[in-house]
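So that we are looking at the same thing, I have put the structure below in structure tokens.
A, B, C and D label the chains in the order they appear, each numbered from 1.
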């Protein structure tokens, strides 16, 4: 199978409110920066474009149609869209390259979550007869998941605070982070609970922004003469929509995706995990079999800034950055969708 | 299970979500001018075409548009339809005309209402002008222009629609 | 070079105004089960599921793949959701095909659906937003002026649209799954129907339907073992352009022309009218048949309406290039599924499995979908032979 | 050019969806209207409440309904200190996974309790019915500690 490389990544700042910025205005600067990284003019210089977004975030149908206005799609381009995190748009793009219909692709994701009440908006992703009409919010579902783990002795509140403290600390070197800084585990544990057992710090901030990635065949990357990382494996799996039918303390779908993506075939220097809640990072590190040798979420992860529909793509981009800069040889990126880690995508990246 | 009452086969599920929408920079700038009774567009730094209403980019070039251009409120009919059903939340009564109109100085059309015309006589190339609401009603809204109405100017040849300067095209 | 792939199973629901007897999952499931049965397969045979539908606001279920996982036997498998506006049914089929054509999967299930009766399409397509700079007059208000411009340019007689409306309904009367069943429709009846968006009459527009369509797509080796004839995928293409830009050709969009040229080149088609045996083309408003006849190269610019009027696209008139033998979007329109229905009906034709609307001896067929402001296009060519 | 004015405005995106339930969801809601709770038997014999239409493991259609108790045990819960507008209570409450007597799989519903300290994993709860039941998930107004 064709070897595919990542050659560019950029993300906007994660901001709590993007203000007077429409989709086009949000996306365009990010695209400009990835094009500049490779020396491209616009989307005409890649063979395929795919994006990820969700209409309900800001409450307008066809958000992605406006996104096309940022591309320079005249003459017309090969373009598609998933109503999912853009990590899945990257997956679709990889299939396009593998089948020989493209040598390069631009992938972008964007979301303005600030206009709505995100945890309530996401309740409408649940079973439309039994759960959505009750308006069970996404934070409460995660809180129940965390309590299952606490009750079973699988984690402690201190473990959760550890994750948060490390995320905030790591985020100090991430200029796009929304939440960063030195905070001690004791300080975090001293905070009152928010949706018990979760504290506010265990939950991701609501963020607006966009991110973009360019991928291509290795031959193309060499032709462009830019640093790149190889995507050596990628796979994704979904689980039952009935939360109570799943073992919420584990992530079976992540494990399956990781096996198929070949995570275990070598050591892992860096992992970027889309864990919107602190306890979920622990589930994921265990499922992926990560040890102390792996640097987890050096960007701060999504606890430091969570761009809905782009954060999964950004995780892949963050691992790319560390491999391209020579800090890491091999890394794993994870993306998630749905309540309590229902749907998971795992990517393995390696240095060229 | 109850035999007396019918099985439930359908339910009404109210889903009402609250949002706070913020207009983008380009539309906000445009609407701020409309509030003053002025139609503006934005010019693409690449191809030079003027977009009205502007979205912030030239969709063809994928470039940000910054240069604001003041347009005329006179326009040319690029095409139209006569509509026989009411628009939700719009008081206008059918049959009415919805037209693709290119304001002078802009290079592409927008959709707006036409009125004060004989529906059967509306035609492509026809010249129209905005009929604004009274000034005290002006808001950040395109419906500050109640509708466009025909004016006594010669038709524009089809090939020139979309290429009309703000003034002086008659010569 | 893409790996060879084929459609080995097709399943649809009956299209109707409201499927009051099933849940959303039940509707989607029905098409999927029908496709599996048609392919002689069971759930375990499926490697991945790709679903598509138009905006989530139609059913008010956000990212519904999450809720549909169990109904589509997807627990533990990869699942994707495509959304490319009205073209989505077609794009979803293409994304599904790419799972196999890339060599990544052996056999995938793809399903597209819309349960429009859960809400109101007019509402869902024009939900209110503050500071809107455009008047929203619905799909008819958007497309009618473009049709008028086509009429001006082509000098087509006023009744071309009427003829298409009759022709597709007569086709639909041969297809038991079609939503509108109008075997006795006449030109006069269409002409007398209510003028909605001049020049479009009520009977020249598509209905609003509930329905789902599914296909199983398999690799070359597995397709060869299939109990029924496979429909080999001979070409796939997508194109997009912005909704609005200066100088945009709205009547004959370049994205459609480029997309067709791409898919024809892959399938070795040089003269679509001659080389293809039939086409399932997304025609939600009657006049889009002559417009797409030109856009897709079946007729020279300005001449498409002549094919329609000559009966070239009609099964009943023995036309040489039947368009929409299933009755098309003018008979059934569950928006998110409509594109996939075109793709699936093209495949039914080349499998020789189209029942009373079979085009005799069909060997090569085009499936076509478009969406947005006629700016998103997806197409495939399927054949009874591999090459 | 002067900086643009920031134009922000609240709006509601809303519709009352007309959902058809199909036989499984419809049966569950019909029973709720009669103040009964039914589950469905999965392929492995487990009783799932509310009933799923399709088995998560085998993907087969499910059809064996089983009436379950109106009392059960809290498997996990989230204490909502500051209810949101859309939530069923104005005062603090819990969302909980509740395994009803006779069921093997928990259902998610709300629990009314005076204080967080009153509620624990393993606590027994009892369904409280709405004054008028109409065949909707909120016919169970909430659960209360026994």
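Just so we're on the same page, a contact is a pair of C-beta atoms (placed from the backbone, for glycine too) under 8 Å apart; a residue touches a chain by one contact, two chains touch by 3 or more.
Note that the coordinates shown come from a computational prediction; the quantities given were computed from them, not determined experimentally.
*Asks:* What's the overlap between the neighbours of chain C and those of chain D?
*Replies:* A, B
*Asks:* I want to compare two interfaces, A-B and B-C. Which one has more contacting C-beta pairs?
*Replies:* B-C
*Asks:* When the centre of a chain is set as the mean of its C-alpha atoms, what distance in Å lies between chain A and chain B?
*Replies:* Whole-Å distance between the two chain centres: 38.
*Asks:* Would you mind pulling out the distance in Å between where the CA atoms of chain A average out and where those of chain C do?
*Replies:* Chain centres of chain A and chain C, defined by C-alpha means, are spaced 33 Å apart.
*Asks:* Can you work out the whole-Å distance between the CA centroids of chain B and chain D?
*Replies:* Averaging C-alpha atoms per chain gives centres 46 Å apart.
*Asks:* Please output the residue numbers of chain C that touch at least 2 other chains, ranges allowed.
*Replies:* Residue numbers touching two or more other chains: 20-21, 23-24, 57, 59-60, 69-70, 75, 123-124, 127-131, 242-243, 245, 248.
*Asks:* Considering chain A alone, which of its residues make contact with at least two other chains?
*Replies:* Expected reply: 19-20, 56, 59-60, 68-69, 71, 73-74, 117, 120-121, 124, 128-129, 132-133, 240, 242.
*Asks:* Two or more other chains touching the same residue: where does that happen in chain B?
*Replies:* 9-11, 13, 15, 17-23, 25, 27-28, 31, 59-60, 140
*Asks:* Considering the complex alone, what residue numbers of chain B touch chain D?
*Replies:* 1-2, 5, 7-23, 25, 27-29, 31-32, 66, 68, 140
*Asks:* Considering only the defined contacts, which chain A positions touch chain C in the complex?
*Replies:* So the residues of chain A in touch with chain C come to 1, 49, 54-56, 59-62, 64-65, 68-69, 71, 73-84, 88, 91-92, 94-96, 98-101, 121-122, 124-129, 132, 235-242, 252-253, 256, 337-339, 342-343.
*Asks:* With touch defined as at the start, can you tell me which chain A residues reach chain B in the complex?
*Replies:* 17-25, 28, 31, 42-43, 56, 58-60, 66, 68-74, 114-117, 120-121, 124, 128-129, 132-133
*Asks:* If we count contacts the way the header does, which residues on chain A are in touch with chain D in the complex?
*Replies:* 19-20, 59, 117, 119-120, 123, 128-131, 133-137, 139-141, 143-145, 147-148, 151, 193-198, 240, 242-245
*Asks:* Write out the stretch or stretches of chain C touching chain A in their complex.
*Replies:* It comes out as residues 1-3, 23-24, 55-57, 59-63, 65-70, 74-85, 91, 94-95, 98-99, 101-104, 124-125, 127, 129, 236-243, 245, 248, 253-255, 258-259, 372, 375-376.
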